[in-house]
Amino acid sequence: MKPKLASLLTKGKALFLAYDQGLEHGPTDFNDDNIDPIYIIKIAREGGYNGVIFQKGIAEKYASEIKKSKVPLIVKLNGKTKLAPGDPISPGLCTVSEAQKLGAKAVGYTLYIGSEHEAEIFKEFEKIERDAHKKGIPVIAWVYPRGKGTEGKSKEELLAYATRTGLELGADIVKVHVDVDAKALAWAVKAAGKVKVVAAGGSKLSEDELISKVKEYMAAGCSGLAIGRNVWQASDPLALTKKLKKAVFG
Amino acid sequence: MKPKLASLLTKGKALFLAYDQGLEHGPTDFNDDNIDPIYIIKIAREGGYNGVIFQKGIAEKYASEIKKSKVPLIVKLNGKTKLAPGDPISPGLCTVSEAQKLGAKAVGYTLYIGSEHEAEIFKEFEKIERDAHKKGIPVIAWVYPRGKGTEGKSKEELLAYATRTGLELGADIVKVHVDVDAKALAWAVKAAGKVKVVAAGGSKLSEDELISKVKEYMAAGCSGLAIGRNVWQASDPLALTKKLKKAVFG
Amino acid sequence: MKPKLASLLTKGKALFLAYDQGLEHGPTDFNDDNIDPIYIIKIAREGGYNGVIFQKGIAEKYASEIKKSKVPLIVKLNGKTKLAPGDPISPGLCTVSEAQKLGAKAVGYTLYIGSEHEAEIFKEFEKIERDAHKKGIPVIAWVYPRGKGTEGKSKEELLAYATRTGLELGADIVKVHVDVDAKALAWAVKAAGKVKVVAAGGSKLSEDELISKVKEYMAAGCSGLAIGRNVWQASDPLALTKKLKKAVFG
Amino acid sequence: MKPKLASLLTKGKALFLAYDQGLEHGPTDFNDDNIDPIYIIKIAREGGYNGVIFQKGIAEKYASEIKKSKVPLIVKLNGKTKLAPGDPISPGLCTVSEAQKLGAKAVGYTLYIGSEHEAEIFKEFEKIERDAHKKGIPVIAWVYPRGKGTEGKSKEELLAYATRTGLELGADIVKVHVDVDAKALAWAVKAAGKVKVVAAGGSKLSEDELISKVKEYMAAGCSGLAIGRNVWQASDPLALTKKLKKAVFG
Amino acid sequence: MKPKLASLLTKGKALFLAYDQGLEHGPTDFNDDNIDPIYIIKIAREGGYNGVIFQKGIAEKYASEIKKSKVPLIVKLNGKTKLAPGDPISPGLCTVSEAQKLGAKAVGYTLYIGSEHEAEIFKEFEKIERDAHKKGIPVIAWVYPRGKGTEGKSKEELLAYATRTGLELGADIVKVHVDVDAKALAWAVKAAGKVKVVAAGGSKLSEDELISKVKEYMAAGCSGLAIGRNVWQASDPLALTKKLKKAVFG
């Protein structure tokens, strides 16, 4: 079944609110407000986000709040703590069926290209993608170059390799960390072909810096953002959201 | 099916009697009395514990005694000896179906975050959790930061990471070793969101020290205790139990 | 189904004839007589043993001889050569179903606690145990402390850890190498709770030494012996068997 | 079912257009034109290639363009990035069923003989081959000697070993990198027995050099080419294609 | 079902023609004649061999020639290249079902005792043996002591260990490399009990040397030969075959 991307997009673009940092980084990213998933759901609803990204645990325990918010749910299917030593691998923590029962409109999965576990990562991703596509659920691939195999490679080459991997492996949207200039980003977007490229927000920036970056991303051909800390760590998340939406959707 | 937590709780709180040390530590923790599971079942029954925690082997061989006691049975689904070298991993030793046949009202599973086996641990936990939740059986996650990846991290960060992992991965109760002050514990409880935090009893303390600690745990927002050695190594386990219940349930 | 132990026991005790050494040690243990499984079956039959222990290969190829002997068959389900390097692990070589078809009255499985493969060993054992117990077939666990994790531990602690592991993991009988004094053995037997402890015979001893040891084992609470080399390397295995039976059954 | 090779061949020979480099090498092989799969499909169609080789992701996202082109689709079932460290292994990224649904007329799979992962590679290949042959789908094995085990071996020995591995393992076509003289290549072709040998194009050469090499391959008994960079990096791919076809089909 | 050995034997003995060297050693063993499987099939047929041993790939591609020859087919189910580094392990490349469909009268499988992969090898062998015996197909175990665990052991001990492993694990015929004197070989044959021992031919010898060795093998109790290079590298394979048959069958 063709993945149903339309319900996740506005004019072909998307602004997603990411909140998988509790597992990936631990609660150090949080303060007394944003440690609470309900605070996040409120931002997602009032800000009119195209989706909110949770791990299964939060999606289950806060299912009624998520449902009431009507924000499309994106379940992140794999995850790891930052404590896990060695080259990264992020095991599946939720099946596509479970995500579907939780009402997910899309699923996410992180791949670390260049990791010594790349083969195992690709194999699990492949199965999850097949399961999702059978059900018409879009797959968002977080593709991050990491681990031993990335040493000595340029950021530009790695970014384009990441987006291209999204295309070659069959993702519907590829999420990447952008750390290159506009030209290199445009090349990476081109390398993704028909697959939409969404930029990660990354760690906290000044609002001006952030908005200027987002405009650059969009000009380079990105289809939007999956942003977390910059929004829910902001003093006024909704005011920032307005600016982000203008930068993303025009 | 929604996990049936209610039957395990008293006013939303719980005092569990843990007895999985025979496998985890070996019989060195035991004396001539408490080496016998029947002694433990007796304490659990007469003390009115919310549950008693056994490995499958004991749950099977002492099934009639456990049943007669009417203490809710919690089967610990995985385990390892302390002899196993290298970073910790605790393999599944009992399925959810077997636990259910044994009459388990909840199941437990230990996760070592920061272990080089974290990915494998998460994957097995994820399956067990799915099996349990399908049957409406609550899952208690023992989340212990251990192994190479925890070196150099603060106790405070690790504890909050542990409780948050319980939430993100979908546990119903998260059991942790508390080794931080009240403020850091309160933060860790908050990080767990809707998931209940239960403190491990740890090794033997003086009664006064123990009760004072338990009060601190409860004040910080914990939902109870899973305690073993302090109780069944006590000269008068039932007298101590009374004090513990007062500290936990008020 | 409850494991059917009764058919293997005499007054609650057992004398088993072990013959898995061909795989575990190679033929170096053998002479021109005892290299032949038929010689072993003859001893088991004429000596009135409670069971004879074979690997699948021998159980299959000598099925008619075994059947005719009416000695209860115990199939050892896993095994390894002594040549395999590194920490020990003994893979499954026969399923419970196959053992059942071969007429097995019990199955055996070796676990190496302290091995770096402990987790994998426990997982396979757990499955085999479940299969066996579904069919009412008793499981005899050979529990041997071995490998990196046992270094620096006392023999007394390791023995009690071994028997306790048998209980915690759900075995019906636990077979151990006894290398401690009577008091430590009694403690280890106690640690096993309702699980019967059977002593391995070990390498060849003088008859007097052996019988005196066996008496000590029984006095310490053991439920019998699983003995091989001392019997089938003896000049008169049946004469020795008589003495052993007296020591075991009284 | 007998693999249906005929639809892929012209007079028993084949000229395939390979485009799996986006995953294997990253986009560094590409320019503004050939980064786009549509450009490749156009060359394949207008050049009259016997097949075009894509990973699943491209085969899916560009399914309508591929179908319209009527070029036989060959789905490469496994792949890896060049970033993955250590001895090579290329995990399955698409099943035979998926490839079939995508309309594949053949499937491809890369095997690295001499890699420390050889056993795992062989096992996955074996399963894929069985699946494919059940459906009558031909299997093209990319057999590349790589990794620790190939050190110190001659190119001649390795090439013949590669083609022979294709025969012994049951491939229908074996694709190899030719880096030996005509005599050694003829020996390698002979070693493949009834299995057709197809030469990889490799990195960019001058047209004359390329055509002269191709003639040498065909004279040595090869059944054709699977060529990528030399074609889609050419200034006039169709002109080059004409020359290639003459060299291959005569 | 009882394995049907009779169709493979002449007076309880066997002369098999082995041709799995193309994968195990590469084509370096071959010349312009014997590189072609048809040449081998011809020798097997005209020489009246009890079986010819092929990998799946050759058994499939030359199925009609094999069928026409009426030589019993033995499919070697696992294999590896000699390039694979580290301790040996030979993965399954063909299932018992596939072998059966190809008309196999027996299947072969190589086990490396003493390899650090011994456990994994034993586990796969065990499954294949079960599959084969369910269908009444005899299993020939190539048992070769190899790898780290064999260092410092005597050839005599290793050979008897190999044949005994065949018995303990349930093979029907065990194939070994004989590199010991007649007495040690007789002991190894005895260690195999009811399992037939077949000697490998090994690398090329003078005819006289070979025949004299074969006579020694048979006198020591072997049930025949699985011979390859000595036959198909011979200038007159059929003349040699005659001598071999006389030495084997008398």
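Letters are used for the chains, namely A, B, C, D and E, taken in the order the chains are written, and counting of residues starts over at 1 for each.
One rule holds in what follows: contacts are C-beta pairs under 8 Å (C-beta built on N, C-alpha and C of every residue); 3 or more make two chains touch, one makes a residue touch a chain.
These numbers come from a predicted model, not from an experiment.
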Mind listing the chains that sit against chain A and also against chain E? D
Return the chains common to the contact lists of chain D and chain E. none
Looking only at residue numbers at the chain B/chain C interface, is the share used by both copies over half or under half? Answer same or different. different
Compute the distance, rounded to whole Å, between the mean C-alpha positions of chain C and chain E. 34
Between the Cα centroids of chain C and chain D the separation in whole angstrom comes to 56
Note the residues in chain D that touch 2 or more other chains, in rising order. none
Successive chains along the ring, chain B then chain C then the rest: B, C, E, D, A
Chain C partner, complex, touching residues on chain B are 20, 22-23, 26-28, 30, 32, 35-37, 55-58, 60-62, 79-81, 83-86, 89-95, 98, 117
Which residues, counting only chain B, touch chain A once they are in their complex? 87, 113-116, 118-120, 122-123, 126, 130, 145, 147-150, 153, 157-158, 160-161, 164-171, 187-188, 190-191, 193-195
